[in-house]
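In the two complexes that follow, chain A is the common piece, with chain B as its partner first and chain C second.
After this line comes the complex of A and B, so read on.
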């Protein structure tokens, strides 16, 4: 265990040095977050398919319970139950468009993680930084429970639980609990908990801040303790269901899955769940008594319980949908928590966009109309009126707009178009539009994945560290 | 599946070219031995421990159900449920003694398997060839069910089912079904089925030939069919017990195992089994209602059923002991089949050596006295009288001796001494003599092994092939 402990010390020190300007000491937050016993208890695994690139390198790291697909290199890092999905990386000779630049990709891109500690984090997509097209790097970074690092290279950062950085390059930043940042490029920022920030320089800037007293009930993080609140309790309560999935080498399902859909063998599916055509269910998704219509996708760490999704629904990484009925094309962003009640269901009309990190927790029936944009904390009709807008109205904003804790500047049309394009791209990438021959996506390409299982040294100085492993096609 | 099939063609052709002088076409024997369905069905696995070297390289191969420990390199090969135990290889700067030569080992030895097809084969130990100290090579070789390649580099050979080559370097040889060869160096030989041949040039030569009509009842191999007979039926009947062991990621045992003993998690242990101190139970061993006394070992593919072993017993790779009571220090060699009956038990006195590939199948009570050497086919007292000799008497042979189908030339004393030294070495290596601080062996060093699981491409041209994998400390 000696080397493992030294490694944690080293990572904590490196991050503290990077965050010295913000004057933030990560140590009391991080030291006890994952015990060394947990770090040696779970196997890591990686997928082998003919449909994805394969290039994995593990060195001097602990990878407990983590999942790898595609291309990545992990060195001197601790990855606890973290998902590294390097299956959407850029390929050599592709052209990356950034504003007026058309930048050729020089070599196949890879994810590169050094000197970092990631806990139950999802790393996905590709580097959206035009300065570093070929390497999606994560260096000197600590991310905590259910953080999402999505297309976001990171150097010297600390991410609070349930925070998301999306299409953002960040250096020496602190991302607060449950904050969502999509801002292109940031450095030396201390993003406070519950901040929802979407910026496209010269185009628009969207900021919402959660009322902290209300947010703390859902997720609260303080030094020396695990993250607390409804979001943590919700996942902890369902942890056991995953045990069964992980303790067997092969899983068989009695559920009928259409030939153009895919259900990951590391997903939990409880009765009675229906999976439609072109549906993608990722590893660590949890489905219970729900219906997923054609082209819907259920991404990593999402939960869909007692709900119906009409079709082409995106349930993004970490989103939770409970006792709800969603129309077609409803998008539910990262780590959103949508909870209706058995007798007071939540209804969401078609084409509505639930922004990332939205909490809807209604105790009376609540109906979100179609074609709306919804954000922030919504507990009733009143909150909904304050924290939503018809997409058409939003598109008409041309300089600024403010309601409740939300402030928008710039072009509403550009904002809505960017969002819609992105949703379209996500559906496409996940195979929602596959017609039997064209538009293959993850739903079709992930049908048949072999998983290899790797474990650490069981004893000695290297206890908990994994051997050096290189995997190529 | 395309590349997998091409690979099999390539291996068959290479071996046929090597065996052209013997004029032996392996194709009809090999083509259908393992279906491609089987080759893609089982995961391979390798052990990680702080107590063993680690250097594994897999390239363009199928490894279905195979096990790896220590150091080896596998390329362009098919290894089906084969065990590659590279944990007793020579280390750099060791001195290898061969007659008057004292040969320094230049670099750490590795097992190297190219262009070969090994089926349920055990590869173990180190190269005993003074010409190739640093590489234990297996090239252009096909070995069939339950063959043992023990310290025996091989080039261009075919091994029949349940055959063993032990401390022998062989080129372009055919080793018949159930033959045992320990002969130093051989080439261009066609060893007929049921041959037991132990030779040390200038020292001794031991030859026994099984009566083929009797052997065929136990093991028979012909073109276009799987091996047949009692030995195959015996293992097939117990196959199911192993399924449970392989389908779970972690195994827990309720059996009490002393702190200085080890029980591999890929062994089958049925009630009521007792494991004594310093006992080693290897992967794929099968124990049922038996007692293993202090320092006993149960090696790969062995079965010990309704039997008692007093202590310091070697049950070598593939040996089977049923309804038998063995005294202390009884050695049971490779692939021996010792079967008493519930009411007619088999008793073996202490210090007796059951030579490799011995079949004792008594239908009346049978008692093998202590301090004897036993070989060949023994069904009753009469056979035993013909196929055994007190070790003391054997030691007195000084030129030649013959009884039944056995012929011995040379020094009986040298033969017995060599055997006894070897048994001593095996007990030592397996940790039988561990006293709490000194004489650690496999029983102590294999207690805590992590296993990593690897699987092939599930689809496409590469279906059934494993990705390229390198593993280092």
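After this line comes the complex of A and C, so read on.
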């Protein structure tokens, strides 16, 4: 255990040095987040498929309860119940387009994690930084519960719980609790909790800031304590179901899964759930009494309960849908929390985009019309009127627009087009459009995965550390 | 300056505008207005009112600026919402965002009604340790202390006990003393030159 503690000290010091300009000390926030007992209790596991390169390298790290797929290298790091999902990494000889450049990829891209502490974090997608095409690096970084590092190389950063950094290279930044950032490249920024910020320089700039008094009810993080609030309570209440899934070796399901759909062995599926064709259900997803229509997906840490998804629905990493009916092509962004009530359901019309980190929590029936863009905190019709706009109207913005706590500047048309293109790409990547021979995606390619488990030293100075392991074909 | 002491230039606490901590904002402003009328002879009027607790101890002060701030509809989210320039927004867009916020604020009469009925303790500023000075301290030390804050006034105590307030030393009064001393010195120099 001695080496594990030394490793944690080393990571905290390195991150503090990187964040010294922001004058932020991560230690009181991080020290007690995961106990030593938890760090040694769970096995790590990795997937083998014929469709993804197998090249895993672990050195001087703790990997408790974490999952690995694809090419990755972990050194001097602590990964607790974290998913390193390398099934979208760039492959050798691909051409990466960036502005007017067409850049050849020289070798298979790999995820490289050094001197970092990631807690219940999802690492996915690929590096969108043209300066580091073949390496998706995460260095001197601490991320906390249910953070998403999505296509975002990171150096010297701290991510609060339920935060997401998407397609953005970040250096020496503090990403506040429940903040979402998609801005290409950022450095030395202190992003305050509850900030939703999407920027494409010279094209558009969108920001929404949650009223803190309202956000704190859902997620609140302070030094010396675990994250608190409805979002944490919601996941903790369902933790036991996942423990059963992870403890058993011979998981069998009676659920009928079409041959072109994929249900991960580490997902929880409760009774009366229906899975349609081309559906993808990722590990750590939770389904209960719900119907997923053709081409829908439920990504990591998603919860879909007592709900209906008509088809081609993206439920992005960490999104939760409860007592809701979603039309076709509805997109629900990262870590969104949509909760109707049994007698007061939430209805969302087709083609509507629920932006990342949106909270809809209605106690009366609520209907979001089709073809709308929705963001921020929505509890009733009044909030919905303030925090949504028809996509057609949004597309007409050509200078700036402000409503409630939201400010947009730039081209609304470019913003809507970028979102729609992204949704189309996600559906394609997930195999929603597979026709039996063409358009294979994760739903078809992730069907047959073998899982191997690895375990740490059980005792002594190295207790909790995994031996150096290099896994290759 | 060293020969002057604070006690000689302070306003005695009995002549200063004070209100009880139970007072409303409106009552506090009335007290300030009355003190200014009573002190009309002085070229520098009162710019703050002291707040006293039930034991007649000073627990804070309300300045003219605090009063104006009380009428501004700034909630906890105001600064978070508009601190955007470092995230790439133009000043024009931020100004438009602020204007939208202003439109959502209640009519001015409602703001007046709500603010004036609020307790003064909501808007008063507590004194920091550096805002106390003993009555026997020399004026050059007081000048340094006012500059170090910077402060518009200091609470004058009898001895080291900060609960024993005997007056208020105001920046305006200190300025007046220093300025007159300087004029006197300059005229002495001029006289010497003329006679030399």
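Note that in this section the second predicted complex is superposed on the first by the 473 of 473 C-alpha atoms of A that agree within 3 Å, B and C clash if a C-alpha of one lies under 4 Å from a C-alpha of the other, contacts with A are read in each partner's own complex, and residues count from 1 in each chain.
To be clear about the criterion, a contact is a pair of C-beta atoms (placed from the backbone, for glycine too) under 8 Å apart; a residue touches a chain by one contact, two chains touch by 3 or more.
Not measured: the values here are computed from a predicted model.
Touch criterion not met for A:243: it reaches neither chain B nor chain C.
In the superposition on chain A, A:407 makes contact with chain C only, not with chain B. In the superposition on chain A, contact of A:437 is made with neither chain B nor chain C. By the touch criterion defined above, A:197 lies against chain C but remains apart from chain B after alignment on the C-alpha atoms of chain A.
Looking at the shared chain after the overlay, A:189 reaches chain C, while chain B stays out of its contact range. By the touch criterion defined above, A:213 reaches chain C but does not reach chain B. When the two complexes are overlaid, the chain among chain B and chain C that reaches more residues of chain A is B. Residue overlap on chain A between the chain B contacts of one complex and the chain C contacts of the other is empty.
Residues of chain A that touch chain C in their complex: 183, 189, 192, 197, 199, 201, 205, 207, 209, 211-213, 399-400, 402-403, 405, 407, 409.
Put simply, chain B touches chain A in their complex at residues 43, 48-51, 54, 246-250, 448-463, 467-473.
For chain C in complex with chain A, the residues that touch the partner chain are 76-77, 80-81, 84, 86-90, 92-94, 96-97, 99-100.
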